[in-house]
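Chain IDs A, B, C and D follow the sequence of writing; residue 1 opens each chain.
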Amino acid sequence: MVQRLTVLFLFLTAGTFPASDDVLTHVAKHADRFAAISRQIWESPELGFHENKSSALLQQELAANGFEVSAGVAGMPTAFTAKWGSGKPVIAILGEFDALPGLSQKDSPTESPVQVGAPGHGCGHNLLGAAAALAAVAIKEELQTSGLKGTLRFYGTPAEEGGGGKIYMLHAGLFRDVDAVITWHPGDSNRVNLNSSLATNGGSFTFHGIASHAAAAPERGRSALDGAMIMLNAIEFLREHIPQESRIHYIINNGGSAANVVPAKAEVTLIARHPDANIVSAIWERILKCAQAGALASETTFEFEQGTNYANVLPNDVLSDILGRAMQKAGGYDFTPEEQQFAEQLGRTLGGAVKTPGPSHIDVSKNEGVGGASTDVGDVSWVVPTAQFNAATFVPGVAAHTWQAAACAGSSIGRKGMLVAARTLALAGVELFQNPKEVQAAHEAFEKRLAGRNWTTHIPTNGRPPLDYAVR
Amino acid sequence: MVQRLTVLFLFLTAGTFPASDDVLTHVAKHADRFAAISRQIWESPELGFHENKSSALLQQELAANGFEVSAGVAGMPTAFTAKWGSGKPVIAILGEFDALPGLSQKDSPTESPVQVGAPGHGCGHNLLGAAAALAAVAIKEELQTSGLKGTLRFYGTPAEEGGGGKIYMLHAGLFRDVDAVITWHPGDSNRVNLNSSLATNGGSFTFHGIASHAAAAPERGRSALDGAMIMLNAIEFLREHIPQESRIHYIINNGGSAANVVPAKAEVTLIARHPDANIVSAIWERILKCAQAGALASETTFEFEQGTNYANVLPNDVLSDILGRAMQKAGGYDFTPEEQQFAEQLGRTLGGAVKTPGPSHIDVSKNEGVGGASTDVGDVSWVVPTAQFNAATFVPGVAAHTWQAAACAGSSIGRKGMLVAARTLALAGVELFQNPKEVQAAHEAFEKRLAGRNWTTHIPTNGRPPLDYAVR
Amino acid sequence: MVQRLTVLFLFLTAGTFPASDDVLTHVAKHADRFAAISRQIWESPELGFHENKSSALLQQELAANGFEVSAGVAGMPTAFTAKWGSGKPVIAILGEFDALPGLSQKDSPTESPVQVGAPGHGCGHNLLGAAAALAAVAIKEELQTSGLKGTLRFYGTPAEEGGGGKIYMLHAGLFRDVDAVITWHPGDSNRVNLNSSLATNGGSFTFHGIASHAAAAPERGRSALDGAMIMLNAIEFLREHIPQESRIHYIINNGGSAANVVPAKAEVTLIARHPDANIVSAIWERILKCAQAGALASETTFEFEQGTNYANVLPNDVLSDILGRAMQKAGGYDFTPEEQQFAEQLGRTLGGAVKTPGPSHIDVSKNEGVGGASTDVGDVSWVVPTAQFNAATFVPGVAAHTWQAAACAGSSIGRKGMLVAARTLALAGVELFQNPKEVQAAHEAFEKRLAGRNWTTHIPTNGRPPLDYAVR
Amino acid sequence: MVQRLTVLFLFLTAGTFPASDDVLTHVAKHADRFAAISRQIWESPELGFHENKSSALLQQELAANGFEVSAGVAGMPTAFTAKWGSGKPVIAILGEFDALPGLSQKDSPTESPVQVGAPGHGCGHNLLGAAAALAAVAIKEELQTSGLKGTLRFYGTPAEEGGGGKIYMLHAGLFRDVDAVITWHPGDSNRVNLNSSLATNGGSFTFHGIASHAAAAPERGRSALDGAMIMLNAIEFLREHIPQESRIHYIINNGGSAANVVPAKAEVTLIARHPDANIVSAIWERILKCAQAGALASETTFEFEQGTNYANVLPNDVLSDILGRAMQKAGGYDFTPEEQQFAEQLGRTLGGAVKTPGPSHIDVSKNEGVGGASTDVGDVSWVVPTAQFNAATFVPGVAAHTWQAAACAGSSIGRKGMLVAARTLALAGVELFQNPKEVQAAHEAFEKRLAGRNWTTHIPTNGRPPLDYAVR
């Protein structure tokens, strides 16, 4: 998740953190094993909906620690929930574990794929899922020890990179009884804020025309590529007349198969984004009109196949405040000399001065920026009070979806950042079980941000996730 | 009427011409007066539907010669018919008299407007109407003398240059009883053939959007210019997929009024052509789709105002054969030394070698080329057997709609060519009254060319010609 | 100057204002006369560089009050300076007085032009110049009374609406010795802040092609309109790849003259904007490439005629602070019952809820928003420390460049707002003469904002302002 | 080779044919063997430059019949020449043998690939090469028997379908001493005329831009796809302003790889055609300008890779006359009842009435139409007097490059048509050896058609044919 911050100003939160220190002891106890699991997942990077080994590893650990695991939920073989306890409140922790295509990389500071073109953990989800599971185990032990009441639930959420696993879990009603969701994401610094993400919608427009010999009888052909190009030209004119924070980007996947034949088929994949999901929907209506115009003017037809559709993250002021205090208690870390060398060597591949602070720094603010990326955590955040943060798993300056991020995700730096995350989640989780008023306040903050709006999605509720989306 | 010939091959018609020589005596008797009338019209060039003096002059002459004149017919103040005789056959001669905007010119071989920007007779219609009227008078005298039966009718047809006067006369039923139509057009040589013209349709698309400050709130605006540009871009893609002989051309009359305002209004004037009126109609359907696409994609609306819509000329093999024989009898003419000098001086302004034969040459063929221009004689030709020819009123190489043509149309060269036309029309007219079988044969040739198709037009039958079209 | 604020947060400035109250007495003394002058200018709205009466009126008043007037400076007949005093500091007040085309309007709450299509004071510059001159007279009297040292200079700056009068005055060196500039602009509320304006550049691209008959020989033509459309299509693609705060907007002034002729000439007027003048320049380079691409691909040529080129306003923290304190002392005003009725009636024509506070409110902040408009005050602000503010001359919710603004500018509401402005300028002006340290601090704040950058402009230094720009 | 005829009129050639009947006896003798070879080649369809088995089969037969074979000429492993005799005249017969991708088909009247996606003989080149070789063997036997002097040379020309094998043979000087070339092409009727083909030029434009995250930093990217689209939009505008017989068609092979990344690479393959190679070159200059414009406006770069570049066929009046007389003597053939059934069944898959005459019909004319396809025989025809004809190897109505054509090419119908071709070539070949005056007349006719122009090509003379073009 690349962060493009239109930062406003910093506001440092002070205050003490009441939660029990014991949970940090539990984290420490299991830290090595979950670090090893993160490495195991890193070594077998699996694409969305195909995270068989990764999901199984996390399920095993949670089951071994007394969680009740439900596997293959919501029509997705690699999705699961793991429950401990019962009754209210229901506190959820989310864990992702899918990899990205083409980002295969060794844990080395120079570009060096394990296998060219193969998947890799360029978004650090090997760390994400492992840290979240580690926190769940630690919280569970604290609940056991302290006798605090309530349900702790871990969500193993597949295919965040475009497949939208969480959305199918929402459709299946798996979040219906949840009071609060906390999660995190790997990043290049430790930070908690009220940032959002870009809401996004996308998919493929396939135009169908009539083939004809392009030299002998062009007048008998109806070019599907013309349909696509008229649509896309119209999209370019649209840019001026939508809010400036919007994004529309596209590729032409299929622009005809032989230059001497009027193309009978052409395909465009297009994504639209904006910080507000409702505005994305309004823009999408206009994109559809452009597609219709392309078909109309070229006497072709088109069909649309829904792709990724993620809502923007609705930040939660109360949960974010808890996470901020938790992270300040959790603390950052320092590089060893070897890690420092690795970081410097990697930094030189980034081309440009880096202003990000180091991993010992904790940056807690009430910033309301908008990251340049999109996530299905956004959809969850419109249904349940949700908050997330970043931990410094990547060398400062490293962006997600790069070989540098994949290298860090397999290194000791990644594993140290993962521990910052686990400690933060664990502290915050215990806090939520301890203070019912915070849970209630989080709900009120949620309603305030929602301001009467409802979550909507273009992802159909038919229970048939596109299990092959990443391997087509 | 510019001629772009895709000539195939020549076929010279031989044969004698039976019609009485007396009609040529009648032509000669009135020649000077009608030559003077052509000059008078040339000196007061009047735009379409505003040919008040021009129309009145021709009406006066015809009335003075015993024709029964009906003025202001079919809702057009300057349209008229002039009738002599009664019963069958009904033979019609068409006469035009409108001028063109911006072609003011003296009868001089160098560019020299009488008044810059004023109208001028760049298409020689001052000669067209005068020669046709002269022929009508001569035929009438021959009918009177010989006692031949039938009705001779002269049509004073206004606004050929875009206003489509003849179409309103067709709508008014004024051609209903006509058996054959003959007419001519000024040109740079004497020629009779089976050439056609381009069928054409056109008009204006006015897009309506929503104005907005283009810097402060472009997202609130809907650009009418975007609508026009998306339409026109789509038109460009259309070109590949229509028959290659088609033409589509346009201008943007209104492309917004201030660069810092999202244009609420934009206007495109567009013309489509093809040698076949039915194909023009089919292309027009697709042009409308492009306009709809432009409106759809830009969230604007548009309205269409019908402009010129002329059918292609359906040539008539029998009438053309009669005209060919008539012109061979009528003969060409030679330049005087002064005219030769004028022709050479004018020729040097044309930039390029001229291959057109001189005015003494008579070129009769069965060529079926397609001229690059359009005329409402085309519409008449789909309803009544119709034929036309060119006479050498312009210096060889001179195209219509140029200052050179306007200069010739006021010169003695123009008037000599006009006499060739009058003699040809007169001989052919008498022939038609003499030989009922030719009239019948012309009808059969007409049906054959029609091949079961019907004349259609986009020009409404509401009897409200756009009388201000040329002066808006 | 329409204000599009991307407001961040409010920060109210407290603090007392030390300047002498006497200057307010001087303002009061001359208030009626200058209010009458503002009305006189309003009644004879004059377009840019043609403000002969308006400029003369202000010159007369200033001369009558002892100012030394230099008329017709910097090659502009209606530009002038009026000086009083000598030595340092040199404090300048700017006064504009040009009207806008097509905004003729009575002082009535319903749309009602004095003369349809005629100019009108839709930006309230009749008030702008009169209030500035009133303040100058009041400050001069205070300087006279108190014996404070320095030079007070009034700048009569013509043609702010696109003509850029101030830029020619800068080129002529007329601001070389100035220490601080203060000015104001009519608005719908009383406010002082650190807002900027959009830097802008613009002009006309005229494409030249080769005319040809569009039906008979399109292949011989080279369409100037094609050149323009290829350029503009490329511009649409450019939008995605420039900073999102940028604006590019255009019209097609000339899109061909006859649909049956390949256009030999086409003209586009285009404006680019961004909050940073340097980014506008970078975008402009790319716009030129699009124009070159249009010419290259269509085998046409183009020429560019420079239009408006205004820098963004560099706010001055120190001067703005002074103005803020001055306005708080100057105070707002209340509507009479009649004015209230006028305001409500006018408000109903605005279509939408208005959140602007009333004229008794004073809004002082350190906001750094960016207005959606552009002004040549921006250019001055890159050369001399400059600050400006808005006074409530328009009914709340009324935007500039509307008939509603023109109506207010001629009403008692406009004149009351004008007095707020005059009082504020007078207090601030005296303050600057009293406190040399503030002048020095303003200079330091200026250097800080400049950050080593220099003012640049595309407006040529040839001393030939486009005196006919508004009447072409 | 699809035929798009803009036929003018028919002119039947009469006259006797003097050549010896003996050569037909020789054809008959070898007919079965070469028919079997055509079937063998059909059963192993090989793509351009990979015709290893096909080329070897023909070489073997010719060598076995006493021809001197030179294999692997002009840098192409599958190109060869086979010579018999010596001295003047040098008469050449061309034989092609490459298959088309994706046209695998059984010899069945319903669509039925042997292997889906595999190559097939959809242009009947299995028959082309075999008939040409059969004719060569028959002529050689007649030369041997009769003692006629001269050199007979067979050209095994690979990769006609886009690879341009003949052009590399021209570059290698292999046609330098040839006096006349005769060849043929499979078709759906027996016909000889003066038709030409479309000259063509084509290739790939690869644009290079700068990748960037399309949501997070689109302003840092430079889209290669924008470059391609601006180029292609400009191409659409170009269509109006080139001769109407021109063709430009393209596909977008690479339109970006991920919708959330600004495309760093994009590729367009484009072909231009016109009946006149010189006009294709002129149009190509303008296409290059459009590509440059695309790069300029989008701040990208592009590189061009030359593709197919074939000249139009210059027909030869004298050789065509000989072929016409030869075919009239050679005669057509009749379908057996089984073949008739096959033809009818296949005909029903064509969708539309077929007007093509049956295989017993011989259509000899002096038509000068232009087929809708292109061939490297065109290039040969600009260097040596060349003529070709069609024989009825396909069921009437079947176009080349279809599964129907591939089915026929493996059937007895194909083999019967192949014999018509072999007989015609054999008769014409003997005629040329018998009558030196015809050879001289053919040369004069060639010079007349050439009219002082020279053959030019964009295919480089570096002797490195793109041997992998068909399998990339």
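Rule of thumb we're sticking to: a residue touches a chain if its C-beta (ideal position, glycine included) is under 8 Å from a C-beta of that chain, and two chains touch if they have at least 3 such contacts.
Everything numeric here is computed off the predicted structure, so don't read it as measured data.
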| item | value |
| --- | --- |
| Any chain that touches subunit D and subunit C | A, B |
| Between subunit B and its twin subunit D, rotation from the CA superposition, multiple of 5 degrees | 180 |
| A-D or A-C - the one linked by more C-beta pairs in contact | A-D |
| Most distant chain from subunit A, judged by the mean position of its C-alpha atoms | B |
| Subunit A-subunit C separation of Cα centroids, rounded to whole Å | 47 |
| Distance from subunit B to subunit A - Cα centre to Cα centre, in angstrom | 70 |
| Chain centre separation in whole Å, for subunit D relative to subunit A (CA means) | 56 |
| Multi-chain contact sites of subunit D, meaning residues that touch two or more partners | 218, 229, 233, 237, 240, 244, 249, 262 |
| Contacting residues of subunit B [partner subunit A, same complex] | 218-219, 221-223, 226, 229-231, 233-234, 237-238, 240-244, 262, 286, 289-290, 292-294, 296-299 |
| Contacting residues of subunit D [partner subunit B, same complex] | 8-9, 233, 236-237, 239-240, 244-245, 248-249 |
| Subunit A residues within the subunit D interface of the complex | 2, 4, 198, 200, 202, 213-218, 225, 229, 232-233, 247, 249-253, 255-260, 262-263, 269-271, 273, 371-374, 399, 401 |
